[in-house]
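Two complexes are shown next, each including subunit A; its partner changes from subunit B in the first to subunit C in the second.
Here is the complex of A and B:
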């Protein structure tokens, strides 16, 4: 009995150590989104140029939805060239790239778009409605929406060419 | 339990969860574009908005509630709470909307049901178990046969004689 107790007390620390070992090994950047697998929340905004931008009109295309801001340095600046390249290589292959500019002002936002030569539609979300509908924590965040209008993936932080390719290609192979 | 204690508990629980660690986040812009200029809807009281906002975690600052955070995001979230309450939703429905978008993470106090009930129950269960263990050990230690209970050790005759001699010396003085 006594021998058993001598072992039991240190053993009680094991579950705590296991929990800590598990918790500290997780990447804090992997935020699970409850939206993955669900229909993408619809929105109707106006681009910085004043053109209407509605998600529903792009049903049937793979949509890459990028939340960004001109004050989001450096991550948004790091991913901007990759987004420009993605638009060039995918715009004629059934992919729609859409930027949502959050908590920003029109002038710095336009300066940002000019600087990186972004020609895909970009719309401000002045009241944050779309950001909250998508459960956005911060910028940049990028959502990958399939042809059927479902959220299929979410990337937190700057995207790279490889990340866009790995997420978009499988969705393009699916017939909508 | 106070809200502060509940928040501390939730924080402790979230240490083991992926979203608990700090995320590098850019600061809010210096100026609020349009939200700040908008007049609040008249039908919903500040108190009603505050009540819901106080239970939601601010997504950019994480250690604060939406009610306490001065960030632009929290401001926008308070406006969304106000609009949803004004449209006739109950506070529970408004909270459900945020949980739907962000997961249970958004709630400062985890719900007292399902898996997250553990967060509420385990600390008290552990406390009770610890107290029970201490009580058990105290009883056992106090019952251990001590000097008082044991039969007096046999005295050798030489010692007995010495004690008696010294006692009688005391008496004659």
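Here is the complex of A and C:
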């Protein structure tokens, strides 16, 4: 009368536990963006120096779109040197780096740019429209846009040299 | 100094809890009372130590003792007095200390209440409680220590998460945790029943009130959480199916199922296996909830932090589930029911159906919560499951449950005769249909709204039928009206407490339905002096003022509201905390029975000339809170000790 099958009951819990354990391998920072694979929302802003900045004019280049703010300490400060290096090494290779400065004041924003020697265009987003269009969750967030103007990737949190390289190189290899 | 003292006490408490658990288990096996008594002393020691830890941490908060890292990260010199107290449990480490303290408290109450009178089950229940307590103390020493030295000692701390600076945050975690930890006691007795093989009705009778207490606190916690979300977060909703809300809701669902299925076991000696499983499931889900909030596995607005604590919790969850289910398998032969289902038209089957629906709802919520994980594991695709899924699946389930609330308490046990059905349900059904017709005549065109009206009226009518009939019976034996009604409520407090809870749920259902069907909102940018209009209300933008508070800076907008006559001024604000990256919205609202006016300040021009606002007119939301109060009163009535049975 030994019913061995009843010992299968505890096994019912195993798949759930395995699934939860799998969860540790994921990064909760990878917030899914419905924009990936879709055309990047267009915008026309003015940079802090007053020059016009329009996304559509950079079609044909790989665009790295970085949302930041001067009050975003420490993450924006951590990634700023990496962005400066990325601009130096990629600006002649068909990559456009664009900073969108959100919920910020012009003076501290300029101080930030000077401090890190950022020379790529940076524009404030006074009405918050662009950050809403891109579904920005918090700063910093960085979007990678291919030559055809489609959003191909999104990174939440500070970027590093390796992250920029791993995201940009494949897009550069594609022929637009 | 403070940190070392606290850490030392935590270590000793951990040692005592482990010793007590082992001693209680050994005492239960060998029957040596001295061991059990020793375990009781250990439990008392643990309680005293954890209480001291808690007091010490609170003292450190009140005196700005930044030499304790947890204090330095969760408060600063500007934090007001009350929020220095709530700061104690405002983040991960403190929440674990609060949790442990409640577990220790429940252990002491368990000892006081059940030391005499439950000789066989009590020692094992005590051992289980102490074992679980030991786990939380282990977390407090290894993974999330609240007492850690901060060197060098900073001049000022970082400050509490500003969203938690709200009175709701004083009560919400406390109530929720009392509910979560409360389910440990039924689980401990279920384990005791399985270990001793006494899976009869004793453990159920012992834990019945414990379960209602836990359920009461969990309900209260969920309601306060909804209220906090509504008046603090500024999106105008009270429930978002966020993974962590779901984590608190799932044990509520299975706990509710258990409260009902208990009655069938008491009355008909059925469903023993089911009841034990429900208790294991409910306790497992409370652990799952803690795991979710603290592991960072699923992204959520509630998530605390990540680190080794998630792995520790997962290991414990595995230990609990495998042990409990292993015990069930071991005792498999003893689960034979004595009674059996006689007819589909009976109270048993109504309760069974209620249980199936509640567990199905818990399952769909669970499925929706872990689906993003599953999808990524199996297909490598990131998805997020949102409110539409949960609403679509759960609304029919909940509506059916509300309907069963009318059927279950009145239909006859075993087999309902046609006569019984007619006597109980003729009028309520007629009234329900009339309510649907009336709603239609008043212009309600949504099928869901009409169905909700019909169902709630039907259920309310069954409660009225039952109550009038019982009162009449008492009037016939010569009591006068008010004492007859009061006597009913107090003498049969479990039954009528249940009815009051049902009434509360009906009111909540109407509020949820109304807010979904009839709320309106708009977003607009106004120049100073301009007016926006929504649902007959006019909102005039009068200007902005800046205010410096003790720990933040805020910009307050003034909006005069009128509907023909001036109703008042709403002052929504944006708060800027130095330690936060983004400003925090401060909602202003005017609550009403029919509708709430709800105003959120968005972007604004720095010179005060224009502001973007989000306006909402939320219908019937207040009834959710009113229903919540009714529900908790009903639960309190059901918790009262059962009076001697008469009449």
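Keep this in mind: the second predicted complex is superposed on the first by the 150 of 176 C-alpha atoms of A that agree within 3 Å, B and C clash if a C-alpha of one lies under 4 Å from a C-alpha of the other, contacts with A are read in each partner's own complex, and residues count from 1 in each chain.
The rule we apply is simple: contacts are C-beta pairs under 8 Å (C-beta built on N, C-alpha and C of every residue); 3 or more make two chains touch, one makes a residue touch a chain.
Note that the structure is predicted; figures quoted are calculated from it, not measured.
In the superposition on chain A, A:10 makes contact with subunit C only, while subunit B stays out of contact range.
Once chain A of one complex is fitted onto chain A of the other, the partner contacts of A:71 extend to both subunit B and subunit C.
Using the contact criterion defined above for the overlaid structures, shared-chain residue A:44 touches neither subunit B nor subunit C, since it reaches no partner.
In the superposition on chain A, A:21 makes contact with subunit C only, while subunit B stays out of contact range.
Look at A:56: by the touch rule set out above, it reaches neither subunit B nor subunit C. In the superposition on chain A, contact of A:148 is made with neither subunit B nor subunit C. 19-20, 22-23, 26, 28, 30-32, 69, 71-73, 103, 127-128, 138-139 are the residues of subunit A that lie in the contact sets of both subunit B and subunit C, per the superposition on chain A.
Residue ranges on subunit A touching subunit C, taken from their complex, read 3, 6-10, 12-13, 16-17, 19-24, 26, 28, 30-32, 69, 71-73, 103, 127-128, 138-139. Those residues of subunit C that touch subunit A in the shared complex are 291, 295-299, 303, 306, 310-311, 314, 317-318, 321-322, 325-326, 328-329, 332, 370, 373-374, 376-377, 382-384, 581-583, 603.
Within the complex, the subunit A residues that touch subunit B are 19-20, 22-23, 26-35, 69, 71-73, 75, 103-105, 124, 126-129, 131-139, 156. For subunit B in complex with subunit A, the residues that touch the partner chain are 15-23, 25-29, 31-35, 38, 59-60, 72-73, 76-77, 79-80, 98, 100-103.
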